[in-house]
Every structure is written in C-alpha cells, then in structure tokens.
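Shared chain: subunit A. Partners: subunit B in the first complex, subunit C in the second.
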Partner chain A sequence: MRPVFLVTPALVYLVVLCFIPDVIMLALSVFEYRDGVIYPGFTFEHYVGFLTDSFYLNILLRTLYLAFGVGVLTVLIGYPVAYFLVRGRSRFKGLVLMLVLMPLLASVVVRTFGWLVLLEPQGLVNQLLDVVGLGPVTLIRNYTGVFIGLVHVYLPYSILSIMASLSTVHPSLELAAQNLGAGRVAAFRRVTLPLTLPGMVTGFALTFALVLSAYATPRILGGRTVHTTATQIYDQMLFLLNWPLAGAIAVIVLVISLVVLWVTSRVQGKLVIA
Partner chain B sequence: MEQPSATDVAVVGVTKRFGDVTAVHKVSLDVAHGEFLTLLGPSGCGKTTTLNIIAGFLRPDDGQILLGGQRVDHLPPYRRDTAMVFQQYALFPHMTVAENIAFGLQMRKAPKAEIVTRVQRALEIVRLPGLGDRRPSQLSGGQQQRVALARAIVVEPTVLLLDEPLSNLDLKLRENLRLEIKRVQRELGITAIYVTHDQGEALVMSDRIAVMNQGVVEQLGPPTEIYEEPRTAFVAEFIGTSNFLRGRLDGVEEETANIVLADGVQLRARRRPDGPTDGEVLVMVRPEHLALGGGNGTDGRANELRALVKEVVYLGSYIRFVAELATGDTVTVEEMNLPGAVRAGIGESVTLRVAPEHCLLLARPER
Partner chain C sequence: MTVAAEHRRIRVAGYVSPTRAWLERSLLTILYRVALGLILTFIAAPIVVVFIASVNETQYLRFPPAGFSTRWWEAALTERWMGPTWLSLRLAAVTAVMSSILGTLAALGIYRGSFRGRDALLAALLSPLILPQIVTGAAMLQFFALIGLRDVLGFPALLLGHIVITLPYAIRTVMVSLHGLDRRLEWAAQDLGANPVQTFVRVTLPLIKNGVFAGAVFAFIVSFNDVPISLFLGRPGNIPIPIAILGHVESRFDPAVAAVAVVTIAIVLALIAIAERFARVSEFIYQQER
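Up next, the complex of A and B:
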C-alpha cells in the first residue's frame, strides 16, 4: 500500500477534530465583543487586554510556574521509579508498573475527588500531620493542593518517557563504566544520566504542556480561588460568554506550548547521538 | 597460601548458582603474568559467568578471586584492576573515541597531559590513529571493537578480560582481528582471559585453553595438548572433528590397550596411565589419521577396519569421505589431495588403516 493511504484515517481525524477547531478558535480570538455580543471583525484587543491586565497576567505567570514546577518534580521523582522498572530485578516490578499505570486508567475527575477526600482539613493527610504535630495545613482550594494533584496525574507520563529512554541504554554501558573504575555515582553521572537526558526532557515537556491545559484538577482541588489559564478559558466561555477573549487566551497557551515543544525538540536534537 | 609471584589471576574453587542451576562448579584457574588463557565451551557452560565473577559483576557463592595475589572477591568492580572488552563493544555513544579511551584514566585521576599522550598511544597500538574525534556510531563494527580494546588496555590493568569480543563481526574481520588482539596482547605483555565458543579462535590465540562444560573445567592445557590429548569425549568432540568407535576393553597394558569392537574386530589403542581399565569404552580417532586402504605407509601394526563409503566431499586441498563400519558407527576420513592419493567412490568397500598411537582410549560418558 502507498504510505498516503496508511496515514489517511488519522489525518482526516486530526483535520476535522483538531485543525478546523483551531482555525475557528483563531478566527474567534480576533472577533469583536461588545455588551455580550460577538461581531465578526479583526481586532487584537483581546490579546492586548489579556497581556496588559495584571489580573490575567498573574494567572498566566502562576500557570506557567505551576507547569514548570510540576514538570520538574515529575521528572525528579519519576526517574528513580523508571530506573527501578527498567533496571531492577525485583519481583515487585510488575506490581509497581501497574501502580504507575493505574492513574491513567481512572478518570482524572475520579482521581482528583480522591485527592480532595485525602487533602481536606479533616482528611487523612491532615490527620497524619496532626499526629506528628505538624498541625492542620490547608491543602485544598490553593496552589499546594493543585500542585499535589497535578504531580500525581502527570507522573506516569514522565515515568514512561524516562523508561523509554533508559531502555535504549544497554546495561553493559554501566558495567563498562564501573569496570573502568567509576563508582556507582560516577557511572550514573557520566554515562546513564547524559544518555537519558532526552527522556527527561521529553517527560518535562509533555508534563509542562499537559499542565498548561489541565482543567479538572485545578478546578476541583483549587475551587473558586485558584485560577489557571484553562479555568479562565472555561469561565470566559461559559459564564461570561466572552468567546473571543477565551479564544485569545487559548491561542496564547497554544503558542507557549508550541514554543516549549519546539525548544525541547531542538535540545533533543543536540542531546541525541544517533 | 603459596602464591607464585608470576600469577596475576587466581580463581580458587569458585562456585556460582542461579536458583537451582549451578552455573559454575568449583572452578580453579591460575593465569601467569603475560599469559593468554581462553575459557572455551558451548553456551551455558559457565565461561561468561566465570569472567563476570573475575570482573566483579557477579558475586561467587563460594571460592576466591585473587588479582596480583590480593583477594578481590569482596570488592566491587570499580575497585578491581581489570579491564573488560564486551561482546557488544559497550562504547559510550555520547562520547568521542578519545573521550571513551580517556574515561578509565580520568576515573584513576591521571593528570590531563598524561591522559592525552596515553590516549594517542593507545589509538596507535590498535592502529586507529587520527580517529579520536569521531563518535563510536561513525565507526565500523571492527573499528568499534578496536576502540573498546584501546579503552581497556590504556589503563594497563592486571588482567584484560575479553567476553566473546569478535562474535558480532563477520568471518573475515573476525580472523583479522583475532590476530590483531593477539599481537597487542603479546606486544604489551598483558595478562588476558578470553571467553569464546569458537574453537578456532581458542586454538589460534591461546597460550592455554580451559575447556568448560556444564560449569566445570573439563581440561586445561596448551592448544596442542587440548587437540592431541583430549581427556574426555566432550573435549575431543568440541575441539576439531573426532570419530568415536564404541567397544569393550580386552586387556590393558601400561600405555596400550586392546579393544574389541561390536563386530568382533580387534583394535590396539593408546592408553593414558589414568585411562579406563575395563568395561565399555570409546576409541577416538581424528579424521586426518585414518588412511584409506591400499596404502603402504604402515608397518603391519596398524589397525584395519572394513567400511563402506557413503559420501565423498571434495574440499580442494583435501577430500573427506564419510564411511560406515560394520558396527554401524560412522567415521569421517580426510585424505590430503595429493597426486597418487587413493580415491574411492560412493558404495565402494574400503579398508581403513590407523596407527595405534593415533587411537586414543577414552572413558565412555554416561548418558
């Protein structure tokens, strides 16, 4: 079969459900909006408005900060897990892998409600903190709760990216490094770490982009007090009916995601040695 | 404990079990300074496990490893003065060739200037000068393995360990590189332990060969001894081509024995002092020692066997005949393709002659 036939179904799917809506979104973002009514037109006032209003700008910066933090943390705590799963010889490997993948099987809403139960003032986490004398801590309706929830939701993506990268590093490379006199730390730092950097970068970029567009977790764990770009887009569309502004925010988020993905893929190109 | 100072590596009664399987059973080896020892055997015989135990990648369940007279079996790999050449090269893909070779020296905290000169010299020794700035991926398989060799020898280890380094290369390159490895080892006077399942490599390269089977060293000796004086049927079968004739012992002297084959034919064979004394035995004969009938090169003492030619294979410099004895045993005969050499066709009945000193008495393995 000619290759074009092989990609046609996916291509049709993407064009109809992704590319066309994106074009509509792009068009909407430059339409005019007066007194709750949308008029076709061409204006950048929504972009200018969003990027000059300190309220919106603050939301954007906090969201980026959140995405960066979650991205870094999932990579840092995901790496040891990925290492265990790829290199470990434990008989609990299968169980751990299942635990890692399980979050992907449950709906994000279900998982987030689970965190709500755990993190609420009378929840299990606060009861435990109380026992060790760290007192009740507010863990919901703020960025802390959202952060905890998002790390959990996106951890599997980082673990899977790092696992993919680690499994391309032949174990004999680590043995060779040790054989040449490198201790475990030196062998890891000089050989394994540089060779798995592409996986770490992929994991970070994936998580970063996903957190930028995350809606359910910030909404449920953050309540009405935590705003992110995604919740802002939702509110603008459904409550304020300001579709052009929602479109403009969405385009800004999309552009940021694309820039991050582009930068990381450039970095990848430099890291990966074929 | 008496350790001759010339012994670089001593493996003393090493045993390694994986679950119920004993991979290595009470293996003992002494490798002298500058010696090239080969661990030869089929896959699963424990040769690679033994090498990994010497390198420190595996802990033995029992026994000791000594490097330069010092016990090292409790030390991690990075505290042992060994250097390994891996089957899959195991070059660091994110480093240049020069960085790869420099790695071991950096870990040993050698001064920068010294590293540069030693890396250059190592590249010259393996005949890859000027390739220091390349990435391993830009090199051919043979070149990569030369780099791996350079990376190992540059640290001047007590022992160089080679784990089937040529098995990923094609035949021509393999034959070339085995002489090359041997040359480097000889020139540097470095002690080496080489693991292979290729008897040709073992015979060409080794000072001594340890033939391993099912976790045990079946025989340890120089290549000539391994080929000419195999102690067991396994060794005789694994190295070179062997014919085995089944028979029963009928009288034993100091260095000879009389054997009766199943069809009643009498045979005289050479017997080692520790050889079998009675019962069912095997007589091992190499194909090149069997002569096709009609020849006059024997003195009347030669054993004679009647056989039926089943197959004739023309191989240029020599001709191989496959013949069936009256006992049902099949033998292979190799005749040099010289002018006047005896020829026989398929289906022809022939007489095979073999001198008693070329018939080696072996115990019949329990199957």
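Up next, the complex of A and C:
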C-alpha cells in the first residue's frame, strides 16, 4: 500500500470536522444579522462594529494588554526556574521538574478553582495581607485575579520554552566569559541571556496567543464583570445568539494569534506550536 | 606601568576584585534562591490548597485549618458530580483509542511517504494545535447546527471534537518514535517472508509501542481536561466534568468542588501509573511539551 493512503483517514477527518467548520464560520461572519435572524450576504459590518464600538474595542484592547502582561511576567518568573532545571546541580531537580509539570496534568478549571480558594475575600491570601496590615484587597471578580490565574496557568509553557533554549547553550560559554574576567552577573547578562532570547520570545508568543483564547480562567476569576475576547465569543454564541458577530470575533482572535506565532516562527526559523 | 594603573586598565575590561566578587556571588545566590522558592510556592499553592480545602471543616479555608471533615467528599461522591466524571472518563478513553488509530496510520504515512507536499500535509494535520481551541469549538457548533445535526450535541459531538484536538498529539508522539526506528528490522522481517500487515503488527508496532501509548495517554489527558471544545458541544445533562465544575464555580464558592477536583487529578495520575507499566510514557510527555 502506498504510504500516502495511510494519511487519508486522518486528513479527511480534519477536513470535514475542522477545516470545513472554520470556513463556514468565516462565511457566517460576513453574513447579515437582523433581529436575531441570519441572512446570507456579504458585509463587514460585524468586523467594523467590533473594532469601532467602544465597548467591544475596549474588550479587545484590554485582552491584548492582559496577554502582553501575562506573557512578560511568565517569562520573567519562568526564567529562574528554567535556569535551575537546566543548570542547577541540586538533588531536588527531579522534584522541581515534577512540580513544574504537575499543573499540566490538572484541568485549567481545577487550577483556577485553587486560586479561587486562595484569593477569596476570606481566603488565605487576604488573611496574610491582613496580618501584614495591607488590609483586605478584592482579588477576584476583577482583572487582578484573572491576571494572577493566567500567569499560573501559562507559566509551564514559558518555563519549557526557555529550558529548550537554555539547554542548547553550552555552560562552558558562561565559564569562558567568567574566565576572561567577567563577573557572574556580566557573564550571564552578556552571554547566556542574549543566547536564550529565542526561548524567551517563544514563551512570550505562546502565552500571548493562548491568553487571547483563554476562557475558563477569566470566567471563574473574573466573574461577569471581566470580559475578554474568549468570553465574548462564548457570550455572543450562546447567550446573544449573534453568530455572525461571534464568528467575526473568532476570526480576529485567530488572525492575531496566527500573526504572532507566524512572526515568531519566521524570526526563529522554526515552527512555534503549543 | 604601575600596579595601580594596571588595575585601572583591568577594571575597564570588567574586572571585579575578589572580595567584591565574593559578596556579589553570595548576595546573588541568596536572592536567586529566595526568588526560586517564592516562584515554586506560587506554582504549587493552588493545587495544594485544593487538597486541603477538600477535607477542611469550614467553607472558607483559613490558616490554621479549622478541622477535618468528610462532608465535602460526601457531597462530591454523588450522582451530581460522578455522572459528569464518568462521562468524561468514557469520552477520554474512546478519544484516546480513536486518535491513536488515526494518528498512528497518519504518522506512518507521512514518515514513510516521499510524495510532494509532504511537509504541507504534516502542517495541515498539526494545525489544530495552532488554531485557538475556542475558535475550533465555536466553529464546530455552528457546523453541526447548520447541517441540521443538533441532535449529535452531547457525547457524539464531544467525541468528534475531542478527536480533532488530540489527533496532532498522537501524530507527533508516533513520529518521534518512528525517528528512532531501525528500518532494517522491517526489511529483515519482509525478507523472511512476512507480508506488510504482518510486518507492521509483529515488528513495527512493538517497536513504536512507547510512542503510541504516550500519544494515547496524552490524548486522554487533553480530552479529560478539555474546556474550550466541550464548552460548545455538550448538552444539558450530558456535559463533561470540567464544564460541570466551571458552571458551578462561576457563581458560588463550594468546597465540594475541591473534592471533585481531587478525584479528577487522581484519575489522571492513576492512568499515567497504569500506562507506565506497559510503556515508558512519562519521558514522552516531557518531550511532547517542549
């Protein structure tokens, strides 16, 4: 049997259940929508509406801002962990690796629920803040909670991206720099850090794209007050039943994530996927 | 040149005196360790508190814990929560089997093929990984509604959707194990008179077993934990456990959910432990994530 035929079942499956639905969604997003009924047509009003209406535009900008912040922070706090896991000589390395990978085995919903327990008005974090005199702070049903939760959810992706990059940089390079008189900080800042920039960029891009389509964390920790592009897709689909608008938002999210991942892939000369 | 001048010259090149270097090093080491400790606490905290909250006596978890209670577990181990858990378990199991079959065949075809557009084909097969999953889920709901198949919503639609997003994982793990396969073993089998099917079943499959198993385990976990696809394709009374939890905690705080969460974590860990007995799965899971 020719090998190409072995691919056919999987390919047909994806064409019918993934690619055709995507094309239908694209088509629906330019259909007309009046009084809860969808009419065939060709209009960009849903796109224009989403990108000009201040309510929707605000949601998009806030989501982009959130994605940027979460991306930067996961890289910043992911770096020391990745460095420890690649360069460290501690006997706890295996344990730490397990700790980093463990969250990937639990559902996003479970991890986010854990944050709900911690960030509740009467939860542990507020109890701790009370002790040090910072008083009760509202940490859920707002952007703060969503931000904390998202950083936690996507941190493993950044750590693994940076680890992959760091493991290609030979430790002797840093030692050579130190041997040539550079202090530890200088050797790290001027040798290792620039060489691991690709891993940091990958981690950031991946996180950025994933936050745009993150639903569970914004919904649980943000309640009904925080809207992101993903929660808007859901609300338009299932509450407001405005499928053309839902489709338009989905296409916008899709385009932004693809552009971010494509640019990253081009810069690095390899494919970046979750 | 005087010694002082020499020192000045060296300092320009980034030279640091031994005392300063020592101070710098110890301060940095302390800072680095404290930061590491804080970050690791951050990673572990939400999972650890779920375990504690599930046996904590009061509704809100405070320090020190109020006392031990099984009441949240009693609430969790009822039909209300175990129904969706059982649905998720069946869904993930069937998804894993289907994805592995389709994925193994596809990986073999891609790996062995030397046809034009092979790279493009592989990219197409892996594309569900790049497409935002919430977009895929929403698109599938529109698709089923438009072709008049609203009746498939529930288990059948969930299964169809979960296979879409888990297929790439199965393909990737099998591809990885095919890379390590010595083709001469297959040629030897065929030389000895085995037909292609016999060669596949008795030589190739046992050799790529680790990859196939790892792909299946991965598909199971992704399906079992999935939110964005299940969000759109379930129907009332026929929803997987992550969506049941999501719908519940959106509006209220209920520690019974902590016990349910522990059950779901235990199921995934048990699955990995069982799979590990048949194949070295954990190594693949680590590789896969990179």
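Simple rule for what comes next: the second predicted complex is superposed on the first by the 248 of 274 C-alpha atoms of A that agree within 3 Å, B and C clash if a C-alpha of one lies under 4 Å from a C-alpha of the other, contacts with A are read in each partner's own complex, and residues count from 1 in each chain.
One rule holds for everything that comes next: a contact is a pair of C-beta atoms (placed from the backbone, for glycine too) under 8 Å apart; a residue touches a chain by one contact, two chains touch by 3 or more.
Quick caveat, the model's predicted, so the values are computed rather than measured.
Undergrad: Tell me which partner A:V37 touches in the superposition: subunit B (first), subunit C (second), both or neither.
TA: Once the two structures are laid over each other on A, A:V37 reaches no partner at all.
Undergrad: Check the residue A:V132 against both partner chains and state whether it touches subunit B (first), subunit C (second), both, or neither.
TA: neither
Undergrad: Which partner, subunit B or subunit C, is in contact with more residues of subunit A?
TA: Looking at subunit B versus subunit C, the one contacting more residues of subunit A is C.
Undergrad: Examine A:L104 and indicate which partner it touches, taking first as subunit B and second as subunit C; both and neither are also allowed.
TA: Second partner only.
Undergrad: Once the shared chain is lined up, is A:V96 touching subunit B (first), subunit C (second), both, or neither of them?
TA: second
Undergrad: Once the structures are superposed on A, label A:L175 by its partner contacts, choosing first (subunit B), second (subunit C), both or neither.
TA: After superposing on A, A:L175 lies in contact with subunit B but is clear of subunit C.
Undergrad: Identify the partner contact of A:A186: answer first if only subunit B is touched, second if only subunit C is, both if each is, neither if none is.
TA: both
Undergrad: Once the shared chain is lined up, is A:W243 touching subunit B (first), subunit C (second), both, or neither of them?
TA: After superposition on chain A, A:W243 lies in contact with subunit C alone.
Undergrad: On subunit A, what residues does subunit B touch that subunit C touches as well?
TA: Common to the two interfaces on subunit A: residues 181-183, 186, 273-274.
Undergrad: Spell out the part of subunit A that touches subunit C in their complex, as residue ranges.
TA: Checking each residue of subunit A against subunit C gives 1-11, 13-14, 17-22, 24-25, 28, 77, 80-81, 84, 96-97, 99-118, 120, 122-124, 127-128, 152, 155-156, 160-161, 163-164, 181-186, 209, 212-213, 215-216, 219-220, 223, 230, 233-234, 237-238, 243, 246-247, 250-251, 253-254, 257-258, 261, 271, 273-274.
Undergrad: Okay, in this complex, where on subunit A does subunit B touch?
TA: 170, 172-173, 175-183, 186-187, 190-191, 194-195, 273-274
Undergrad: Per the contact definition, I'd like the list of subunit C residues that touch subunit A in the complex.
TA: By the definition above, subunit C touches subunit A via 10, 13-16, 21, 24-25, 28, 32, 35-36, 39-40, 42-50, 53, 60-63, 102-103, 105-106, 108-115, 121, 123-136, 138-143, 146, 160-161, 163-164, 167, 171, 196, 221, 224-228, 231-232, 242, 245-246, 249-250, 253, 257-258, 261, 264-265, 268-269, 272, 285-286, 289-290.
Undergrad: With touch defined as at the start, can you tell me which subunit B residues reach subunit A in the complex?
TA: On the subunit B side, the touching residues are 55-57, 76-78, 82-84, 86, 88, 90-94, 103-104, 107-108, 135, 137, 151, 155.
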